[in-house]
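Got some structures for you, see below.
What follows is a pair of complexes built around chain A, which joins chain B in one and chain C in the other.
Coming up: the complex of A and B.
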């Protein structure tokens, strides 16, 4: 019965976010620019070193373009709507809905992220896999998934990214409710997310001793694990372990977030008006 | 049994403070001063099904806090509260499905969505069956004259239009209790009248229990038979509006225009408020000075052009009441 409410919230937010075409185009433009810079850095790096690298040049380039395509799925800030609710005091109305406030906001975060990412990812795939070879940059293109198995595993992996990333976003939202401002939590989130997810440097390029830790920590599921599944750097049992890792962290973060939300809401103070 | 039962409800807030200036800011880095503000200090009342209660008091008196506790948004520091047998903050999800709340200073409809989409979202959130939803929606659209607004995004509506939509949105799940927190704030006269008319209809015809807070005494005069006056977190009066008016401020005013210059009258029990040109304004207590005798006495001595007897304005009554109880905002 109540599932209808959450579904409807997801649908409305998703459709709403799709309206922002100018923002999607601007974001796409920026992501292209950074994508080219990163690919050029990799090209220089692979040309200057003959040592064996953990990823091939083609894999590193694919990793980069995937990162640019799905950049909007990274939880480096809270939900701007929730920050606005906290600023304006409209958070009161959220508590008047016969919904679990955590999951009410969680589905909104999921809709927000996926609707932002969908058009950007479509444009990026078109550019990096179709247009680049046509204009003579075939070596710098985004490759297709390495195997059928990789392609099939990549779909649930991206769903898990949205689930995991939304759970992260919820922690930022809750910090926003508690501190009455989204600044602190956003500032803390950015460096953690870009460094530990593999967004800035793919995690396999980190020192060997760190690899086990990097694979197990929760941010790896945002970027590194799904992308390595895509080009079959992780495959078979390891790929499944990666998926399990993502879902486990999602469950942990949702559980922790749900508890934190309840305690934040019992201490809620809404002043004036 | 009463539908709403409130007993000894208290709510205190913690407010961080720092001393002014640079030195205060530096000190604040090491030691935070926390002040406890008591918004409610043990208020109690009961409300029967179908009653319409006006809640008035100066800014900061605790009206909104009471509404937020009763609607399950805030948890009180102590005290008991039952609404239809449920404790709002413990059984929040079940409780909020039965009530409707309008905050006049806030928005519940999503800003970028057309009004009708916002309504459908609420239908799904409250799990209202579609046939019932259509019926309620059409009734609300008719009562609040929303036909032309339904396709517009909320951000494009005027305040009056938006408030009419907000109130309609609140009724879509057919709540049996309606909390209105300053629903007429900032509205123009026709919108205010529409809101009052609507609340009256809901209360009289559908027996919806209504708790209304407002600073507009005309709202109270038009709607509420029972009024609770709250100040500094305590209930100062719980009575009918008429008795509030007669008990608090019995003063009458008599304005007289004379043919020729206004005389300097001196009558026991009657004070001269102003004397200017041909006009004179007197104030007196009708229990001590009978109105017909007073008018008779003056008209026998002087030639009068016009005469007007006035009750003090409701705003003055309330302001006087607040100051009697030292309830004006700190």
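Coming up: the complex of A and C.
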């Protein structure tokens, strides 16, 4: 019964978010443009130096397109509807539902992200892997997974991304409840996410001394680890360690978030009426 | 009251309103400073691995980067009214009220809000320019300073022009469209590197369609003493910031057409 409740929350939210087709198309257009700029910058850099690089040009390009395809899976901000609930005071109704508020919102976050990401990712894969070679940009295309093993590992890795990213989004939601405004938490989240996940520059390009730290910190699981699994830069035991890293951080963040939520809710102040 | 005095009244009122929330202002400005500085660090990471890009050094690219960010910060700060035009004026019907007042709508929209928190990106751009000056030992002769100021003025005009076009589009689409971001944020992203590292079709688009190259690449290359890499004559490179203003005039022309076409949503 409980599980069914969460499942229907997921389904409703997912179907609702799928309705925003114009937003998905506009987002897709922007991401294509962005992808092209980044790929051209990589092309220029790889053209300028023969030094050995941690990723090949083809891998860096694939990394870039994957990043554009799954951009909506990053915890950019809290759930805007929850911020609205906090502003209007309707957050008190959330306490009346026969579901654990943390997991109720967690499932909403999962649906919010995956529904926004799915159509964008499908379009981006079609463009970057099928259409680009047809119009003469074969060198800039999104490659298929490097091996069967990589393809098989990439699926659980992307599921883990949704689980991990939703846990991050919940921390932002909780900060919104505590501070009564989504502004501060959103402003703080963006720099951390873009710098440490690999969205600006793939993490392997960072200096060698930082690599161990970069692999272990929680943001790596949002972008870097799954994409490197995709093109088998991480394979075998290291890939499994990466997956384990992501699931461990998810568990830690969910546990911490659940506790923080309980303490926030016992001191909940409701504004308005 | 003259247009300029009225604008300063608007600006002063907007600034007073924003400093009522010092916490929010500091947080947004600080976050913006941080995010943009991280992006710059990303460029450093790539240069550390690759050494140079098509003959450009890190310090030289930093000059391009700083120039475009300073310009964009100012443009975004002054043209917020155009940026939110679709959602806050057309959709709500508030533009009716703007049209009723006996002052030009363009002036009222420019005066809508002077966004103080863009000072984050502005500060970051200036910091980067200072770093770049140190790195490549750039001597700021009067001629260079003058050309740099003209470049920044041209770039501000161009970005304001793009935001005016985005606003004009809202007369037909009602909502503000995210697609204009490709030219504003995307333009900044592209112009952070010298234009000659890109493919030919992209370069030509950014020179002849949206003259982004004219307000960053060509004049900054002159400042850096690398003019003529793309075969453009020196007189063109030094005067090209004027095309930012040409673009803005064109955009304002289209805007006036849009205003004439405007029908209220009735809400």
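One rule holds for everything that comes next: the second predicted complex is superposed on the first by the 271 of 273 C-alpha atoms of A that agree within 3 Å, B and C clash if a C-alpha of one lies under 4 Å from a C-alpha of the other, contacts with A are read in each partner's own complex, and residues count from 1 in each chain.
Simple rule for what comes next: a contact is a pair of C-beta atoms (placed from the backbone, for glycine too) under 8 Å apart; a residue touches a chain by one contact, two chains touch by 3 or more.
Source: prediction; values computed, not measured.
Novice: Clash or fit: chain B against chain C, after overlaying the two structures on chain A?
Specialist: fit
Novice: With both complexes superposed on chain A, which partner does A:183 reach: first (chain B), second (chain C), both or neither?
Specialist: The second partner, chain C, only.
Novice: After the superposition on A, what does A:147 contact: first (chain B), second (chain C), both or neither?
Specialist: In the superposition, A:147 touches no partner, neither chain B nor chain C.
Novice: So, A:92: does it touch chain B (first), chain C (second), both, or neither?
Specialist: Touch partner of A:92: chain B, not chain C.
Novice: With the two complexes superposed on chain A, say which partner A:12 touches: chain B (first), chain C (second), both, or neither.
Specialist: First partner only, chain B.
Novice: Anyone got the angle at chain A's C-alpha centre between chain B and chain C, nearest 10 degrees?
Specialist: 90
Novice: Touching A:266, do we find chain B (first), chain C (second), both, or neither?
Specialist: First partner only.
Novice: Kindly classify A:4 by the partners it touches after superposition: chain B alone (first), chain C alone (second), both, or neither?
Specialist: The first partner, chain B, only.
Novice: If you've got the overlay open, could you tell me the nearest Cα approach between chain B and chain C in whole angstrom?
Specialist: 7
Novice: Touching chain A in the complex: which residues of chain B?
Specialist: Those in contact with chain A are residues 13-14, 64, 68, 71-75, 89, 92-94, 96-97, 99, 101, 103-108, 110, 112-113, 117, 120-121, 124-127, 181-182.
Novice: Write out the stretch or stretches of chain A touching chain B in their complex.
Specialist: For chain A paired with chain B, touching residues are 1-2, 4-5, 7-9, 12, 16, 19, 88-90, 92-93, 95-100, 266, 268-273.
Novice: What residues of chain A sit close enough to touch chain C in their complex?
Specialist: 23, 26-27, 29-30, 33-34, 36-37, 40-41, 44-49, 51, 53-54, 181, 183-184, 187-188, 190-191, 194-195, 200-201, 205-207
Novice: Within their complex, state which residues of chain C touch chain A.
Specialist: 24, 27-28, 30-31, 34-35, 38-39, 41-42, 45-46, 48-55, 177-179, 181-182, 186, 189-190, 193, 197-199, 202
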